[in-house]
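Each of the next two complexes has subunit A plus one other chain: subunit B in the first, subunit C in the second.
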Partner chain A sequence: MAAATVKLLRRRLLAALPTLFAVITITFIIVRAAPGGPFRDEKAVPEAVRANIEARYGLDEPLAVQYVKFWRNLLTGSLGPSFQHPERSALGVLVGGAVPSLILGVAAALVALLLGLGGGTLAALRPRTSPPVSAVALIALAIPVFVLGPLLIRLFALELGWLPAALWGSPRHLVLPALTLGLPVGGALVRFWRTVLTESLDAPECIAARARGLSDLEVVRLHAAPRSLPLLLNYMAPMVAALVTGSVVVEKIFAVPGMGRYFVDSALARDYPIVIGATLIYAVALLVVHTMADLAHARLDPRLHREHNR
Partner chain B sequence: MSLSRAGSSGITPLNALLLIIVIGGAVAAVFGPQLLPSQLAGGIEPLALPPGAGHLLGTDSLGRDMLARLLEGMRTTLFVGLAATLLALVIGTLYGAAAGLAGPRADETMMRGVDVALALPFMLLVILLVSLFGRSMLLLFVALGLVAWLPLARVARAGVHNLREEPYLEAARMMGGSRVYVLRAHLFPQLGAPLAVYATWMLPVVMMQEAFLSFLGLGVAPPRASWGTLIADGVARIETAPWILLSAGGSLALWLIALHLAGERLARQLNVHRTTGALERTTAAGEPDGGEVTA
Partner chain C sequence: MICSRPTACVIAAILLAWTAGCGSGEEHTGYVGRARPPDRPLLRIAQGGDPAGLDPTRYSDQPSWRVARLLFEGLLAFTSEGRTTAGVADGWSSNSEATIFTFQLRPEAQWSDGRPVTAEDFVFAWRRVLDPKFGAETAEGLYIIKGARQINSGKADPHSLGVRALTERVLEVELEHPDPEFPIRTALPSFFPLPPEHVAARYLDWPGGLDPVCNGPFVLDRWLPDDRLIVRRSETYWNREAIELESVVLFPLADPNTTINLYRAGEIDWTTANTIPMDQARELLRRGAPEVHVSSVYATYYLELNTVREPTNDPRVRRALELTVPRESIAEGIYGMGHRPSRVLVSTNLPDWTAPEVPAGDSETARRLLAEAGYPGGDGLQPLVYLYNAGGPHGAVAEFLQGAWQQQLGVRLELIPMDFASMEERGRRGDFHLLRSSWLADLPAPVEFLAVFQAGNPNNLTGWEDREYDRLLEQARHVLDPGERNRLLRTAEERLLNDAPIIPILHYATVQLIKPYVEGLTPNPLDVIGWAGLRVNLEWRPPR
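Let's turn to the complex of A and B:
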């Protein structure tokens, strides 16, 4: 088993390298092909001064040279200085932002899983609840996060005053953003899990378990859920991707000092190191989730594992 | 993996309602702005008026009739969504069919490319593109279309693979039919159903993405409206003029739900099975995955 796991990991890692290379190169090209530059839109500085600043950041060199230098920097674990925050390194800015983003993402994923698996299980076990549960789930997933967030703020922060409307710092600050980000994903998960679980409940071993007198929840816990788990794992990667993209706007709405909030601003300000670094971090996060899902998948379904290692 | 459900078809009240929302919304979006031009209320009246007799949905923050603005916004979002979906459909079908018909090695390479692309944080790249190159509708739908074709390519390729060994295809090939002929005469008609279903599922996703980008201020530029810019306006004025957000956000959600259900129904009608719709797999401006559709 261990050897197989190592083999799988190695295969995933080898597949990840071209992906990361593509991410970095594509981002670099997009960012640098765009008109404008980091020090173009500010106050009218004399040409010589601007040239001086650009030389300091190495922006006056040919693009190919900059690209090679960027790689050299990256391999030593540095992204260079941030253009907007000259006193800080881009990596420092990003790591500072990654922590709130990660906390928010994990909390939202928990919200989504709790709602999704709970609602989906209910709808699968009690077919009569299925239409209303599905309807609510569909509404939840069709309301865009940028509508849901402000509505929650208006209700829970402005009208009721139970929770802070924005900013970051205490667990109470986490509630509304996590709900906003997690609810649509949870709605999608309800419908997904209901379909998958309903199918699993028809499997012979589930019918047999029921015939032996196991309760509904026991059947789900012992037979139907483990059977459906590989499919759920397949679902994780797009789910995490949705959380990542959603967090860009949720962090903006709730003024969470995370990576997503700075992403658009940095792009508009042409802060190249931050933009490339943020994209890279998101890509790595996605790949890690893919790989973890794969590993778990192989554990759960050895057939698939063998197939992969043909 | 194909999960079939006992399909009910025919005109049920819900089907009729869905049809009315989808088609009625589209018609209103296309023709509404001509019939109901949005004008500045002008004068020294308060700008954002609540819904009332003169303005069914109230007015926006500049005093323009909200209903008229909404129809304009719908038109933009619908147009971008349709154009991007169409673009994705063309690229995806051609690429997927080419991979499906190519030899195993070329097929593998082409689909590996799709896998790599799907593993990219693609919406972030779209955000990058539109924030760096400025606002334009052309860029918007091209960028969105370039993301959306990836899962469609998988659908098309899977369809070709399913059909490849059918006797009538073999017969066509044996009679000397070229690849292009086989594709045109036999494969495309067969691929129509799953692709149509997937495109119906794709449309609400792309529209949501357009609204998302416009909300971030990266989509269409004012005075042009989109569902997203209207929502952004509503969010900015949620304390003083909540009707802006409610009408813009509510109508978008309603429309997306109707489209999604219509897609599900279409799938059942055409006997295309899939575990979940695209909207469920992407949600809230997420990225489309490559779910399988089997015919």
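Let's turn to the complex of A and C:
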């Protein structure tokens, strides 16, 4: 299995390199093609001042030279300084934001899994509970986060005073943003998991297991769930990637110092290093999560297991 | 039925909890959310973003300036009412032409490492701001100093700058032209001193993540970017006895709803200028909540008209548009927070300033002017391209104007919302008829506004140039008598408004929330704050 894993990882990595190269190059071209440029605010500066700023950041050089220099920096692990925060490196800015985003994303994924798998299993095993569970799931899915977040803040922070209204720094600060981010994903997962599990429960080995006298939960745990897990992994992988790389809206509502905001703010400010860095991080996260899903998939699905061992 | 019960129960529980919570409404208490002072002398501030950095001389965004004024101090400083007062300098004088200024530095002024602040620290910092290698966006602010423009353009050596340390405590500054109000300018962060021995090692990127050695009322405690910036009272500041706050925390809250939520939850004591949602600010003003503070600012909202492109190259078209702007409706209906409708560019609340006469007329005059220009009732006019930066109330303003001009003049607008960088780029290409704009003065001087339309100013996208206007401004710069200077500037503004390359709409105001236990904090037109005397009354309790 270890050899198969290494083989899969090697294959993934080889496929990832041209993908990342393309992502970076396309992003570089798109951000440079956008009208306007960095260091522009409501008060324009004289030409001499602008020329000095552009010379300092190498923006006065031909685009091809900038592109080559960008790659040279990137290969040494640098994206250059952030244009919005010139005293800080773009990588430092992004890594600083990635940690809270990751924590929030993992917490939200847990909320989603708890709600999705719990609700989905209940609805699949007890068809009578399916309509109310589906209704709750639908509500969670349908309420946009920019409504759900303020609703939770109003209730739990302003009216009841149980939790902080926003900011970051303690586990209590994590509760409301994780719920806001996780509930809609959980709502979607309930419906997905119920459908998948219901189909699995009709499979011959599940019917046989029931006939052998296994309880419903044992049937799910031993037969139906393992059968459905590969599908779940495929379904969850892009969602988890999106969750851990930060949500613009949720991070803004709860003032989480994550990297979600950079996807929008840096593009508007034409902060080229941050735009490319944020895109790169998102692409890497997607690749990593998909690779992990494939690895898990290979381990869980006996057919793939055989194929990789071949 | 049975199946729907759990759903109904959940919804009912939420609604019950909601309505139970709503019982403790703000209307009953009169306060905006919780009003309980912190347990120590601490001020928690919401500002609309993170500072770009900690170098006081390098940036021009408001959060950076606020932090700069916490950590550093210039020759002059601001009081909490927005007036200038002695800072590092305890005395200053000038020659009779107001071209050479001498500042005496107070001996007790020192850096946070204990070294006295010297005149050489100012010389070093000002040369660095103008150094082309440094590439500071604030350099233009120092162009008034002799030789500054040439140095910044790379045509002269930084050492030729008209500033000299005569002794450790005497600084002499020579100006390009007379300016009796130059000392006020030195209260701006781009004129702050820096400690050369610390900056030299990281000349381009100081402090670059390190704690800056500083000379202001506070020193940096911690900066967690995008989360909070904490400063604590300096033990070396010359006026430390007057600083009552132990520490200040600044939160870079970009979302107005988050800001007001935290204020209501009692986690913020002061929301700085216009950082709360406009609808809620209006509602609080309507309720007369005493924590809401409205202050006019030296800032004007106006439209730039393309004077090169048809049909706005015709002054009659421009004046027709100007005469039919529904200013009251915009100021009251869209803003409604102390914004003053205005037909002039220079903020009318500047001290000792009288606004010029504006060409009279009504909608009938406007229709006549349009007809004279060859477009009776708007016939023959293509829709005018109106650019504005999306977000905020600019879209609503554009729609108001679209309706008013269509109805009164038969002029149609093509509204184009854009992000700011794209709008600026398109504006610079001249690909527009009307473009939303605004100007915020850093200092209480009319020329701060009027210089925008002097030839060569990069902020003027109208293409309008007028030699007489430029001459009047240049002449005013050399006049020492404030009355005569203002008369010349008023004449210049009259010329500008007569020709109408711009359409002023309103003068801005700010709305801020300040907890009742915060004392000595006075919102002012320059939106600056003096830290001396500002306190949090820890004993404060809501009256029963």
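Remarks
In this text, the second predicted complex is superposed on the first by the 296 of 310 C-alpha atoms of A that agree within 3 Å, B and C clash if a C-alpha of one lies under 4 Å from a C-alpha of the other, contacts with A are read in each partner's own complex, and residues count from 1 in each chain.
As a convention for this text, contacts are C-beta pairs under 8 Å (C-beta built on N, C-alpha and C of every residue); 3 or more make two chains touch, one makes a residue touch a chain.
Being a predicted model, the structure only gives us computed values, none of them experimental.
In the superposition on chain A, contact is made by A:195 with subunit B only, not with subunit C.
Judged by the touch definition given at the top, the superposed model places A:96 against subunit C, while subunit B stays out of reach. In the superposition on chain A, A:19 contacts subunit B only, with no contact to subunit C. By the touch criterion defined above, A:254 reaches subunit C but does not reach subunit B.
Of the two partner chains placed by superposition, only subunit C is touched by A:165; subunit B is not. By the touch criterion stated above, A:136 is placed in contact with subunit C alone, subunit B being left untouched. Of the two partner chains, neither subunit B nor subunit C is touched by A:272. When the two complexes are overlaid on their common chain A, residue A:184 makes contact with subunit B while staying clear of subunit C. Once the two complexes are laid over each other on the shared chain, residue contacts for A:47 go to subunit C alone; subunit B is not touched. The interface of subunit A with subunit B overlaps its interface with subunit C at residues 34-36, 150, 153-154, 158, 252-253, 268, 270.
Per the touch definition, subunit A reaches subunit C in the complex via residues 34-37, 39-50, 52-53, 55-57, 81, 84-88, 92-93, 96-97, 128-129, 131-132, 135-136, 150, 153-155, 157-161, 164-169, 252-255, 257-258, 261, 265, 268-270. The part of subunit B that touches subunit A in the complex is made up of residues 1, 3, 116-117, 119-121, 123-125, 127-129, 131-134, 204, 208, 211-212, 215-216, 218, 228, 231-232, 234-235, 238-239, 242, 245, 248-249, 252-253, 256-257, 260-261, 275-276, 279-289. Contact residues of subunit C toward subunit A in the complex are 2-7, 10, 14, 17-18, 20-22, 24, 33, 50, 52-55, 58, 60-61, 132-137, 139-140, 143, 149, 152-154, 204-209, 224-228, 251, 253-255, 257-258, 261-262, 264-265, 267, 419-426, 438, 440, 458-459. Only residues 15, 18-19, 22-23, 26-27, 30-31, 34-36, 138-139, 141-147, 150-151, 153-154, 158, 184-185, 187-188, 191-192, 195-196, 199, 231, 235, 237-239, 241-246, 248-249, 252-253, 263-264, 267-268, 270, 275, 278-279, 282-283, 286-287, 290 of subunit A touch subunit B when the two sit together in their complex.
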